[in-house]
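Take this structure, written in structure tokens, and hold onto it; I'll ask about it next.
In order of appearance the chains are A, B, C, D, E and F, and numbering begins at 1 in each one.
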């Protein structure tokens, strides 16, 4: 099952289905046959174009992070809220006490989408912005010293790692081989 | 391995939904805002985004510039020939009623508008891509330092 | 009703401030950042206006805005970092790269 | 109060909050365009024109011209920014200092045109007037008849694609011609075309440009940015 | 009875969400104006992009009166913003960083000494040392 | 499909459908053949249409079957049928002529695109001519203008200045179009309709600021498009640096169509009920006379033959404006006659110059040295067309000058009488600049310098087409009656016969 899902055909089907759902959500017309037919046609066309452009892989159909990512997002929302308060306080305080830092953390994620998720999470939490991502390093600009908490950020990274490996334990080994080569 | 991983990942992720959004706008022009013109632009913008992320060479490999004139011609001709079809079926130029003369739901109009809007969409998409390819696919010529 | 109005006012004020930043600069990046911020706030403004006039189907436009804002920003990045739209994105983040790792990253 | 539909029916232009939104956006548009005029650096102009498009599209939404806003957002804000940037790469980044005489002439022309427009609006029917010819005659006919004759919810589409379909065909031809023009002027066979695009970014000369970016003192912005020379030594 | 209470709860909740969202939007904009350099302003604009926008969008979702079509669209917008806004911010930051704009660092907001060593082939050792300093600074 | 019922749509639809197809053809002869064929078909259709209108009176044709105020209609009376026949006729002569010249000036691989743009330009011009809808005028004006900018810029293969010229033309043309569309917008605000006849009805009795401003915007916009004197600056460089065939085509059609649109808006849309019209007509009188003189004077001092002829074109537009400014049936008819005749003259002259450019690679006056011995046929063509430009009897130029003068003297005001003498005086300027060219042509063949080489005889096709055009100059000079009759009747319909002698 999993094997099928991460094959091209599986991804194609998953993507088409997901696009059809998006179509329905956008359209809101369930009773117009022409629109439904167009919806199916459009979803298939888009999925085919994705395949044709050569980007039908784990990034465009991120199955490997699928169930776990929602819990992660929930957690992330809270984090975003917390760090927002810190930045907001800085903005409103009459005398700003900024002490910007450049720090660097390791991104241990295997897949590209994992790394991107990690870097984006860092950027999404105000106070830290990932400035550069290269190989396994993420360069971060942090607004204050408190926010430049490497261990907290790497904790986030571990969470992303865990999300990544929930569905495909085999992905890890595969990717490691790839990384080693 | 290519650089700018974050960008590439997000572009990959958003490529198909943007295309779908374009088609949604195309086919829902009858019901909400939008239509062929906007749809063509949105559809092209997905490819432009791809080109920004993956390089114009890579994009041109997948969507060669040589096919774009065909799309352009197809779009414009689809529009014009829908009109000519009206001409041949006994109506005036661009008369859609004659496309389905016995309908009570103005089906001829619907078919006509659908065809015409599709022509607009294809033509606009390919025209935008052509313009983008020719502008972006060129080396900068003046290397002046004064930004 | 009143809360839409209040939120709309807030968003407009924010747009004004961001616009000021876009005009003031000082660096080009500040302008881009401000432009991006204006884009985001316009999305909110559109949504609010949709609710304000009772025609929330304007949200399609808001979605389109979000898309276009993104594309414009990415184009600007290309423009800055690479001075041309044509080549592939390539790692030019030389600051981080100092001898170690990253196999073929610089092509 | 929370029922948007009932609110929409009693919509009255000059007393509704949307009217003030319109005013605010209009003011912002004026500010942006003045800033665009003042700016000599083309990049900043592109940036501001993107903002201008965003705001004007929001303005169209406020005016209930949803389809126009859609187009403006798609073309003005997104694609045209990309195309303008691409075009800028082929040209200079900075506007040439202009001859003062031309500016005076342009100002006179602008004042005359603007004056004429204001002069025209003095006798124009009031904004949102349902009895105005533009709203009552053909416009109202479209609203009344398209339901029966075409039966499509979006009247704008019926007008564009059926009633005035021939105009739209012309517009498509305009876009076609524009792409054709680009093809002929920049494509294969033109004296500017045929140059091979390199897949490697140009690094030669990047350094000066980059330094310039971070702000040479002689440029109008970037005053706060440090000179990278200090860091490099 | 129950529904009424629910309605008023939703009403007050959305009121709160709008108020909080407006506050954060303003905060972000103010930060954009007040903060001293590009990199710090970036953080401020992030406040709007994330919390401000999300709160207002959540408020709208509550106001959507259970119209799931509206809710879906609002959620799509929110998701889209969530994917794109950090990428935009990152892109701009990256461009600035690569373009050689040096951040203000430390409590005294000095310009950093990080060399914009774009020409790394020539000055690899220097770059190494510069980076070393920089790493030391973070600890 | 009832052919005659659908006839009004065809002169636009045929080139419109044919244009994109040309883009897909292999470079070289094929697109040219296609374009030529299409132009002939269009010409045939236009003549049929002219005949129909002559017999049956004005024709209306509803696009998409939607009747007047809602949909777009084509309204064809004698005025547009005449201009339409002129445009397609010129195309039918210039397109065959273009082959050799284009092969020389345009890159081989660009020919499909080139002919596509040419056909789009033709489609746009015919569309502008036939439509009865004010906004549709704008749309098709844009189609033709955009194609024109491109075609002018295509001259860059021979001379880089074509790019600047095209850019200036683009900027000016776009400003003109913007003014025009603002005017239309204001008119829509005032009346709520876009149909020309409907506009006229609903404008009756309206004399407020809105309509006045609309009028001013429309006239200024069209003035830019037709190169009315102070707004003519784009025209000489655009004509000079465009490819030869394009110059011949544009000089004979683009400004002529703009003049027609001006007539249509002045008399059909606004009409004499609109008091402001008289002010505008007086204004035109002054501008026309100024154009005649200033541009002719500028032409005298040009050393570039194409530039010279371009300035002469601006001057001739002055004559047309003068005819319009009279506001009488005779005056407007004279204007229409001059539109047709000047198209013949300028097409012939620019085609002759094109032949010289093909063989000698230059349109400088020096290149014409010894042309009489080198290319006798072409030289005779220039001489005949030049005489026609001056207004020598037995040529079309004489017919139009005569019509104009008689209209002026029939009007009989002091100002008009003076204008009549000024027409004669400015004709003398035409003699001066044409004599400059002819004098240089009669000089011996240069023995040194860049033009001293031996040249092959010009291609037969080009000479043939040139002489068809020159023949038209003589034929319609001798058999002037058809054109005069059509123009008289067209002018009468334009003005509405009763209001013809309005003041």
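The rule we apply is simple: a residue touches a chain if its C-beta (ideal position, glycine included) is under 8 Å from a C-beta of that chain, and two chains touch if they have at least 3 such contacts.
Only a predicted model underlies this, so the values are computations on that prediction, with no experimental measurement involved.
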item: Which of A-E and B-E has more C-beta pairs touching across its chains; value: A-E
item: Centre-most chain, if every chain is reduced to its averaged C-alpha atoms; value: D
item: Centroid spacing, where centroids are CA-atom means, of chain A and chain D in whole angstrom; value: 33
item: Euclidean distance of C-alpha centroids - chain C vs chain E, Å; value: 11
item: Separation of mean Cα positions, chain D and chain C [Å, integer]; value: 17
item: Centre-of-Cα separation between chain F and chain A, whole angstrom; value: 62
item: Chain C: positions in contact with at least two other chains; value: 4, 15-16, 27-28, 32, 51, 56-58, 60-61, 63-64, 67-71, 74-78, 80, 83-88, 90-93, 95-97, 105
item: Junction residues of chain F - those touching two or more other chains; value: 16, 20, 23, 63-64
item: Residues of chain E whose C-beta touches two or more other chains; value: 23, 28, 30, 37, 42, 63, 73, 76, 80, 83-85, 87, 89-91, 94, 97-99, 101, 112, 114, 116-119, 130
item: List of chain F residues in touch with chain D within their complex; value: 16, 19-20, 23, 63-64, 66, 69-72, 107-110, 113-114, 116-117, 120, 123-124, 127, 133, 135-136, 139-140, 142-143, 146-147, 149-150, 153-154, 156-157, 160, 179, 182, 186, 188-194, 202, 208-210, 212-214, 216-217
item: Of all residues in chain B, those that touch chain C in their complex; value: 1-4, 7-8, 18, 21, 25, 32-34, 38, 42, 45, 48-49, 51-58, 135-140, 147
item: Chain C residues within the chain D interface of the complex; value: 1, 4-5, 8, 12, 15-16, 19, 22-23, 25-28, 31-32, 35, 38-39, 42, 45-46, 49-58, 60-61, 64-65, 67-69, 71-72, 75-76, 78-80, 82-88, 90, 92, 107
item: Residue numbers on chain C that touch chain E, as the complex places them; value: 3-4, 6-7, 9-11, 13-18, 20-21, 27, 29-30, 32-34, 36-37, 40-41, 43-44, 47-48, 51, 56, 59-60, 62-63, 66-67, 69-70, 73-74, 76-77, 80-81, 92-99
item: In the complex, chain B residues that touch chain A; value: 3, 5-6, 8-13, 15-17, 19-21, 23-24, 27-28, 31, 50, 59, 62-63
